[in-house]
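Note sheet for the following structure.
Chain lettering (A, B, C, D and E) follows the sequence in which the chains are written, and residue indices restart at 1 in each chain.
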Amino acid sequence: MKQIVKNAYWPQIVGAVAWLATAGLTYFIPNADDFPRTTTFAVVCLGIAILSAISLPLNKVRYYGAWILALALFIGIWEVVQAKLLLLPRPFFGAPQELLDVFITDWAKLLNSLAHSMMLLVGGYLLGCIIGFVIGVGMGWSKLFGYWAHPVLRFLGPLPPVAFLPLLFAVIPSSFVAGELLMAFAASFPVAVLTWSGIAGVNPSYYDVAKTMGAKPLFLIRHVAIPAALPFVFVGMFMALGSCFYMLVVAEMLGVKAGLGFYMQWAQGWAAYPNMYAALLIMAVMCTSFMTLLFKVRNRLLRWQKESIKW
Amino acid sequence: MKQIVKNAYWPQIVGAVAWLATAGLTYFIPNADDFPRTTTFAVVCLGIAILSAISLPLNKVRYYGAWILALALFIGIWEVVQAKLLLLPRPFFGAPQELLDVFITDWAKLLNSLAHSMMLLVGGYLLGCIIGFVIGVGMGWSKLFGYWAHPVLRFLGPLPPVAFLPLLFAVIPSSFVAGELLMAFAASFPVAVLTWSGIAGVNPSYYDVAKTMGAKPLFLIRHVAIPAALPFVFVGMFMALGSCFYMLVVAEMLGVKAGLGFYMQWAQGWAAYPNMYAALLIMAVMCTSFMTLLFKVRNRLLRWQKESIKW
Amino acid sequence: MVDSLVKQQKIEITNVSHSYSLDDHDLPVLEEIDLTIEPNEFVVILGPSGCGKSTLLRMVAGLERPEQGSIKANGEEIIAADPSRIVVFQDPTLFPWLTVRQNVELGFKIQKKKDDKAISDMLEMIGLAGFDNAYPSQLSGGMAQRVALARALVNDPSVLILDEPLGKLDSLTRITMQKELVNLWRNKQFTGLMVTHDIEEALLLATRIIVMRQRPAHIIGEFKLDMDYPRHRDSEELLKIRREIFGLLGHKSDW
Amino acid sequence: MVDSLVKQQKIEITNVSHSYSLDDHDLPVLEEIDLTIEPNEFVVILGPSGCGKSTLLRMVAGLERPEQGSIKANGEEIIAADPSRIVVFQDPTLFPWLTVRQNVELGFKIQKKKDDKAISDMLEMIGLAGFDNAYPSQLSGGMAQRVALARALVNDPSVLILDEPLGKLDSLTRITMQKELVNLWRNKQFTGLMVTHDIEEALLLATRIIVMRQRPAHIIGEFKLDMDYPRHRDSEELLKIRREIFGLLGHKSDW
Amino acid sequence: TEMDTAFPNVGAPVKIEGAPRKVTLAWSADSICTAAFPVAQQKGFFKKYNLDVNFIDFAGSVDQMLETMSTGKADGASGMALRWLKPLQQGFDVKLVAGLHSGCLHLLAPQNGSIKTLAELKGKTIGVGDIGGPAKNFFSMRFKEIGIDPEKDVNWRQFPEDMLPLALKRGAIQAAGLDDPLAHLFQTKNQLVSIDSNMEGKWQHIACCVVGLRGSLIRKEPMVAKAITQAILEAGQWVHHNKMEAAKMFEPYAPKVSAQELAAILETEGTHEQSVGKQLRDNVVFYADELKKIGVFPQSLNSETYANKVTQDLFTG
């Protein structure tokens, strides 16, 4: 398939035409209701049509030709079904131009929300990874530490961190810090479990090799146990990132001024679905970008590892 | 440590004494405020003291002797600090007997909530695992399927499933089904990613071996690709279970009549923290039990695999 | 496709060349290989590491197709793997999720056959009778290789392709397995094609030894051995051929 | 602990017995082993698979302690691993997260030494000069084993413990490495203790060959070899000892 | 501004000396009811009292808002009385100082459906956003008033608030209890009618949304507490007199809702029904008595004691 799609020009050509058609029907068929930005939306579709036409020589874009076509069909059908025929129940389903309208009118707020969410996410996530890593190393390396940490981890770890919200909030003076901690908690559990598993599973022969060359315990931890456990740690970090995305909405209930989760809740409180889906779209882009970044880092650090989680 | 603790009698003996002491101070020191069930709580502590004393000959219990002691100290200090001296800010921090009171007065409701949550969890989780598995196998096996599914998975997968709530609810008539689907969605993403990774990472020599013996594609999928990918699938199922726990609270906003998340929300809205923590405690036990069950199943199915995630 | 029931197979490798592409440049691996293996022959290939021996075997097995030239079995082009030509791979590649017995049974499972006794006998022969329910991860490298051998032999192939099948065995077990291989080959009448890096092993087993040069592999020597079995490793005839092969492979005679 | 600077070490194994507990029953592995290795000797141990050879080597390395008996280096009990006694393990056990060069450098890193030239020379010697930045997963089994050998040799040990170090090499590379080992041993004057399952290899390298019986391992034969190096594999003297060893290991002389 | 006779007398404006006093107030942009907050900021009422106010927005559950004040992360907040009274019973260090307005709860049913009155809901199912929340509690009290047992004679189901119209459409529920703004918006957008609200009968003079302040602030800096309250009340009065302008100010906080609609919501509420001091205390006593009837408060609760504990009169004595 990859081969076929890569080599074929037609999906992208048809795709460009389909975008053109979408632009046309958006512009020429009258709306069934009073939808904003219909003309702008038609222009955007036209722009995409032109872009996909001129990028035809690029191999990489051509591979996604079938996707360009599919998206044109999807948007075109959506436009007709909703903006032109009003077939789906409102307000849950909006028209494409309504979404566009949100981006155009509310971009400053959305951008600000994105920035705040990213701050919360990155801070909490990194903190959680560090905490989880330290706990995991402790459990994997020290029997005594494991004796005390293991039952706690098993008991508290799988709990939804939301549950700790009231306690955390009562103990931590700053609500921003409380939010970060909530994220950190969500991140630390999977990292701890997988770091621990990784370290416990290190091939003991590696220690033997280092020992016969005179390695001391500190060297064994830093240069044998930890690097050997890294593939597992990474799986934990992958899980942790997912958990942090889940927590974003919750952590942003804690008296923040901006944030995508906050924005979504606020929009939902007014049943303003186009706003909600706009925020959702941005969130999706943010999540998938962070994931991709994480995998990029992994591929650098663990380039020696052959098979692993794919993204 | 394991060795030391296993062999030593003293932590459990001291632990039993500590429980006795906790019972004593609960009973004899007067409360600082009007706390319910103080006598009952003293009796419970006494019971634990007796139990840990008579279980002294059991090796397995003795291993946890230090924990028995630590818990006694924890509960004892908590009792003194809160019930006797009122040092922590209320209402966030209750006294131990308040928690006990909730269990005694509200056990029927809690049990009912537990049953409902378990139903939601198990149904949604299993459904999600199956969906994720099928998607993952499809992506790992078929280039065409992967071409279409991969971008969707990357884009929608990491999104918090809460975001889909309005759409899901608009499309699915039954709120119970919508709840289950929400859980299923949360579970399916990690299972799909890891099944896919597992199948894509199968050593191609395994296929060669089977092929030279005359295996057809169906055999290769069922008896080579899938079993070889199972360790990865399991990691996905582990992640999925965690996600489902996170979703429990959200999914129970959808027109349910009972459920631990529902109960917690209600208790939180009223700032009835002892009720909330009682539900939380039950939830913790439920979560850790399900995790343990999952790992039991894994250990049976994947007993050929040496190193893996520990629990 | 070759009928699985055809017991005797004649393999004709004609003018086969092959190369892999590696980081944008071509890596020639096989160059104009011509080799015909008659039914009931036991041909052993010797050659330096990485010259392309395994590649050639994969082609005979039907797992890969040559860029140039043709490989035929009984006159028909080999285009796919077939259960009449069983391979013992260089690595044991046992399925880690199956027990020893289930691994040996793999071919039967694919062919939907059932023959418990054949499996038990085979496990007996390779000296792993008590290990039916062990998993591959519980075996030593040598044991795993013996299981891989058993997994192939139990299928009663008409062509048996062996890629360094005894490489991981200790010398004693190795000698035993060499004897068993010869006995099996003489009883079951299959066509044998084997790669080894142990010259002595080649001398003890082969009816013909093919020597290849470093990559791209090309046949640089051929020795016909028509002595009877069992052969004695110290026999002057074998020692002489050994010296010649060492010479061909570029080693002076001081060792 | 033995001073790392002591260049010459005499190893005395006195009355060593050992057993592992396996599923509640005892598995005796070594039985009353007595063996003294003089400085500059190169002792090679031969014995059936699973008899306990690796266990004995681990004890000499200080990674395990015998249940009974004592193992001394220059008169001092061996109680822990020491960089003066370097081991080449049966499996290469390279660190997969380090490149070939970093793996070879491991000992230097632990000892906080730096000597790029020594590393490069060693990589040259094992024929992997261009593979500095390759990862172990990119190497063949034989290449990995050579790296493991290099990782040990570069530390210039006074005792070198080799557990089937050439087992995964093809015959040609093997012969080259055997030559290199002998040269190294003669130049660097270390005490050598090696396990192999290739009788010929033992004959070509050893100053003394120890033959052990099946588990529990016990010494059943000892052969002193005082021929000069390089030895010739077809020399009548070596062939004679070979026959004797085959006999000791329970193989009739027909093969 | 001129004092309207309907508004309570809160005395002369207090003046805080020196640099503007930094104050943190928590509010929820989800509710038009508290329009007085942004108005006080934008029309300079806070500035007038020399207050430098920093808003934090709250989307979470109300106990977290109370916690915010109780633990000193905010100095004051506003919310629905029926949401606050039950958690306040648990002992937060928060005092109610003013009622802001009345009426923002509605029970909605389909315009052309069979349900027209409360009584017709006997045996039916009612959807609410929160099973312990104001809508549930308020309409429970209303059912009790007409002799329907709110626990036995009607069923309550919880749904996310924005999905209640859909649940109605599906027939999963026969009526939906909601607060503004959704209560109002859904009426026009989804062809629903309000069959009951807290603008009926005696309830129209009872505070619906209240202002609460941190207990420690009241104890340590009563002047600041007073200034905050005065500024908010004064802004509330301004809102009452300038509904359209207030709605315009609130527009940025309301996605996709026009100022006209927002003003219409304000029209339906009793924006003049402010209360402080004894009046507020009596409101709370009334609430407590009613909540006892439906079992939210225990029978053993003394309503007077409770009201004295959770309210604070900043303006008399």
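Going forward, a residue touches a chain if its C-beta (ideal position, glycine included) is under 8 Å from a C-beta of that chain, and two chains touch if they have at least 3 such contacts.
Note that the structure is a prediction, hence the values are computed from the model and not measured.
Both chain C and chain D are touched by no common chain. Contacts with chain A and chain D are shared by no chain at all. Of all chains, the one whose mean C-alpha position sits at the greatest distance from that of chain C is E. Among the remaining chains, E is positioned farthest from chain D, on the basis of C-alpha centroids.
Computed from the mean C-alpha positions, the centre of chain B lies at a distance of 38 Å from the centre of chain E.
If each chain is reduced to the centroid of its CA atoms, chain D and chain E end up 84 Å from each other. Chain A and chain B have centres, each the mean of its CA atoms, that are 24 Å apart. Taking the mean of the C-alpha atoms as each chain's centre, chain B and chain D sit 51 Å apart.
Touching of two or more other chains is recorded for residues 89, 92, 166, 169-170, 268, 306 of chain A.
Shown for chain C are the residues that touch two or more other chains, of which there are none.
Among the residues of chain E, those in touch with two or more other chains are 61, 63, 67, 71, 160, 162, 166.
Pairwise chain contacts in this structure: A-B, A-D, A-E, B-C, B-E, C-D. Residue ranges on chain C touching chain B, taken from their complex, read 4, 58, 61-63, 81-83, 85-87, 89, 91, 93, 95-98, 106-107, 109-111, 135-137, 155. Contact residues of chain B toward chain E in the complex are 89-92, 165-166, 169-170, 173, 175, 253-257, 262, 265-273. Those residues of chain B that touch chain C in the complex are listed here as 203, 205-206, 208-215, 219, 223-224, 227-228, 230, 302-306.
Of all residues in chain B, those touching chain A in their complex are 1-2, 5, 66-67, 70, 89, 92-93, 142-144, 146-148, 151, 154-163, 166-167, 169-170, 189-190, 193-194, 196-197, 200-201, 232, 235, 239, 241-243, 245-249, 264, 268, 273, 276, 280, 283-284, 287-288, 290-292, 306-311.
Those residues of chain C lying in contact with chain D across their complex are 46, 48-50, 140, 142, 167-175, 178-179, 197-200, 204, 230-234, 239, 242-243, 249-251, 253-255.
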